[in-house]
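Going by the order they are written in, the chains are A, B, C and D; count residues from 1 in each one.
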Amino acid sequence: MTATGTDPLRPLRGVVPPLCTPLTETGDVDTAGLRALVGHVLSAGVHGVFALGSSGETAFLTDAQRHTALTTVVEAVGGRVPVLAGVVDMTTPRVLEHARAAVAAGADALVATAPFYAATHPMEIADHFRRVRDGAGGAPLFAYDIPSAVHTKLPAATVLALAEEGTLAGLKDSSGADGPMRRLLTELRRRGLDSSFAVLTGSELAVDGALLAGAHGVVPGLGNVDPHGYVRLHAHAVAGRWREAAAEQDRLAQLFAIVDAGADSTPMGPSSSALGAFKTALRLRGVIGCAATAPPQVPLDDTAVAVVRQRLAAAGLLR
Amino acid sequence: MTATGTDPLRPLRGVVPPLCTPLTETGDVDTAGLRALVGHVLSAGVHGVFALGSSGETAFLTDAQRHTALTTVVEAVGGRVPVLAGVVDMTTPRVLEHARAAVAAGADALVATAPFYAATHPMEIADHFRRVRDGAGGAPLFAYDIPSAVHTKLPAATVLALAEEGTLAGLKDSSGADGPMRRLLTELRRRGLDSSFAVLTGSELAVDGALLAGAHGVVPGLGNVDPHGYVRLHAHAVAGRWREAAAEQDRLAQLFAIVDAGADSTPMGPSSSALGAFKTALRLRGVIGCAATAPPQVPLDDTAVAVVRQRLAAAGLLR
Amino acid sequence: MTATGTDPLRPLRGVVPPLCTPLTETGDVDTAGLRALVGHVLSAGVHGVFALGSSGETAFLTDAQRHTALTTVVEAVGGRVPVLAGVVDMTTPRVLEHARAAVAAGADALVATAPFYAATHPMEIADHFRRVRDGAGGAPLFAYDIPSAVHTKLPAATVLALAEEGTLAGLKDSSGADGPMRRLLTELRRRGLDSSFAVLTGSELAVDGALLAGAHGVVPGLGNVDPHGYVRLHAHAVAGRWREAAAEQDRLAQLFAIVDAGADSTPMGPSSSALGAFKTALRLRGVIGCAATAPPQVPLDDTAVAVVRQRLAAAGLLR
Amino acid sequence: MTATGTDPLRPLRGVVPPLCTPLTETGDVDTAGLRALVGHVLSAGVHGVFALGSSGETAFLTDAQRHTALTTVVEAVGGRVPVLAGVVDMTTPRVLEHARAAVAAGADALVATAPFYAATHPMEIADHFRRVRDGAGGAPLFAYDIPSAVHTKLPAATVLALAEEGTLAGLKDSSGADGPMRRLLTELRRRGLDSSFAVLTGSELAVDGALLAGAHGVVPGLGNVDPHGYVRLHAHAVAGRWREAAAEQDRLAQLFAIVDAGADSTPMGPSSSALGAFKTALRLRGVIGCAATAPPQVPLDDTAVAVVRQRLAAAGLLR
């Protein structure tokens, strides 16, 4: 991204979809599909994209696939909006390798979780983010708070300290916990940090409330499927049209039910069911050509695909 | 409560504080303090009260103390608003005893959690609510979703089924999870159940967003301390003044920091710290005379009390 | 229990079954069945009994039922072995009421968990046990470490401090965690406390290893069904016949598979499945007349009953 | 490892230390230290070694460091005992890359966990192990059950199915749950699978009981520090000297307290404290030259080092 005038990353605002990573039937990154997906969300007017997040199956991609996906996204975006890149791995040394690779590939900012697999102390978590920031050439760094994946909730005191010292440029809050986010937002404002530190909610079902509470933006997995909806929702909120924002959110919450279609029909985990639904919806909408997810995820069966199709139609997303 | 005209429980709407249970230094229920607390919240214009909830130290009260507390509340309220009564215990037979006692004491509605201590299946949880409803003479029954205490999240499908069949009159959602609540609200509306089934959020820090999402009301522990604030917040929301609602919520979120004062100063659990802060604030505001909590909870020390005083002053709540 | 000569509680050793509480079809305590169960386990030579534990459905019994069950057990035992009584409830004031009732009913010792429902700090947990011990007239008190039910693991430092000061007479360790128990046992011996403080494992599938590690005894739920097996296992261990002890444990581990029969056949929780299997086995062995469990537990269906019968036969427990 | 006559991997038996990975002050793999560590454990008579496990800081090593560590171990062992290699990563495609690299580096067998970070269904977990086995050229594959790290407990039914079909050569059980392991062992014997499938306990504090229960071996982190102790313990067990085995285990359980020295002295996570203690002990014993652990782990301070030294002396491990 070429900075022109004001820096869109200080703070980052708006709708930033965590891009799915389309795969071919043989398990390779479907670069054509990924470029089409980038075009799909950019045409809706999103304010940034997040590659290699949980919705991007980052946990399932090899390092080579991560590289392919990220460079494809950077090229397809062409500097029009910031590209955030997930650098998800177990601990600092491994995260640092991903961070350096992402910067080299052209990412505008990095997104790292707390360490996982190994149990860490909050002081170690803070040190982790400092080392990642320092070791990756100073690229803006976002903390990714996702307890469902890493089994640690980032302590508010840690986030505030890292915000105040400038280690972090923001937080992607995928904890789904509304209370701690509100306390963080009010405290950031009290300290005058809300103009340099962005809070992006990953709760795609409560975006209206999050924006009302002062969150800077949203990183909605469902924004792959319906980026126009989230852009409208955001615009309503910015303009103070809260009833309209809530109505748009309600429509998106109904559409979100596609994430259960897979597991309602076949034994599978929540990742298979949710990411399979997003990709199936993108295929049915004609954005990508193949809805395959990476192993050991299970594909949606015909019954589940029919449910996804029906809900897309109900949401007015199929021609 | 004497029903006059429309039924305020179908569905219950508005601000319903989960009343603290003031105790004397010797550990008895401070009935004078409890009556004063009821007067305090009623004078603010709350729409109901919830006795014997987690904020009311229900887990710490003996059956005799529960009886004293509930009859005191029922008498002090005098039918002006509905009185909900917690019937918190491990399993169906024990909950049923509390339920019958609460109905006999004059409660207008009951609030029960899923079973705890013993591990149960969703089908057993549903059966539990049906038995409590049937065994307590048909008093309106609210499900109390509080995973932090009972270590089970009520499944949405269970809640919807119990709403549809009329077993439940509503849900007190203290899960702090915004996504599942939004999905529940949109599905209740889709099925036409939102006019008979109330969703009350227990997330006292995201009430603006919850009301925007269509929640019927709020059960805020902090509403003991500042009921006027929550009543104003609710009125703003009902009138569509969302920016003003958010500003009021922000003020309350800052005040909420009193819950950390105790634990920041002395080793104690979150229950000691939060309930001790609420009671200390009520004492400093002159509502009750003694801030004691039940054993084995630890009292706030002088440093913590000073912090509570300071935050009350900052919120404009000390004369 | 009348103490004659040496005190069997300092420390308690041997096999102490956590007695099931037989119920009638209408949900009352089946006192005849309970007396028969006491006779069944005493005839096998057990060294104590534990009434009102998790296997005794303590979480499902009303206070009146707890009283009936405990007095029935005390009378049926008639002082031949110590009677331990569970005093399971959420916090100190409620536990104290059960403790006083249990002492009045003739219990020789009490068994209390850490507080649950409300979150507590280790210092509060320690204070809890001290208050229960002091408030119940000095009856010997055992700590009941059962994280699966109370969602707290008793910290080793807390247990050691309470052992050293004499607050606790022992520990029933139902955590299933072999490492922490071994560290506790070696530390108790190092401090010379193993002759006054009993460690009883609740892990009915690793009794041979626990006794080899120096545990004083075992509280096996399966000991309701096959008390003779556990008495033989204990006798082998005391005599140093470790291979024979292991062989007996292996036989009991195979029999233990009855706990899955219910859930393999019908949707139900683990409590329904395990306690239903124990009671069904007792009925099939002719000890009790009715295998009913308390609501909302689900009964075993015919398929599950057939599995229990088959495994009892394979274990040589059906004539 | 050169197979001569019988295959030591069918099933693997005995003491298999999960090797620490010594690091230099600058964070590189200390290959001289690692060779010395291999010599240390081989001279004690261990029956295999496990490189790149949790004790080997596998979560903290980059791919290049993993390669260096594994090739160093393979060369140092020189075929005298089997070398197991951890292939720890989030999901199948990433694990497969490590698996192929480990086979190429000369590992005799692979050790993989269930997927983590992404939530998976038991059917997906089974598919994961099948794909890793098939994709890595048929090298013997062990499942690594470590819920504390991956937040999933391997279901017994899954392990049994994978054992029966030959996908797995064994299980490293680091769950610390004695009951499920006993049930697995008895069921493996009932099906005649215990001569082809190895159960290795990772519970270094209950090895006597595990071997008495029929476990094939042990993978003790503390075996880096005192391999001779574990080899003696194993020999006692094989010879039926159970009291002597227990006494040796008790001594090792006392020594194990070194893992708390770090965290008792400085704020740090359990990984820092345990691995720092193992490495400090190895340095004090003269096996390695530097006790550094990988970032963001915190080093032991002087107080903690003194505690480790004292406990080593008490265990007779310092000259």
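By definition in this document, a residue touches a chain if its C-beta (ideal position, glycine included) is under 8 Å from a C-beta of that chain, and two chains touch if they have at least 3 such contacts.
Which protein is which chain? UniProt says A, B, C, D = 4-hydroxy-tetrahydrodipicolinate synthase.
Please read all numbers here as calculations on a predicted model, not as lab measurements.
Any chain that touches subunit A and also touches subunit B would be listed here, but there is none. Taking A-D and C-D together, the pair of chains sharing more C-beta contacts is A-D. Homomeric contact subunit B/subunit C is classed as same-residue, with over half of its interface positions used by both copies. Subunit A and subunit C have centres, each the mean of its CA atoms, that are 49 Å apart. The distance from the centre of subunit C to the centre of subunit D, each centre being the mean of the chain's C-alpha atoms, comes to 34 Å.
Multi-chain contact residues of subunit B (touching two or more other chains): none found. Only residues 27, 54, 59-63, 65, 88, 90-94, 97, 115-121, 123-125, 127-128, 131, 148-151, 267-272, 294-298 of subunit D touch subunit A when the two sit together in their complex. Partner subunit B is touched in their complex by these residues of subunit A: 176-179, 181-183, 186, 189-190, 203-206, 208-210, 212-214, 240, 242-243, 245-246, 249-250, 253-254, 256-257.
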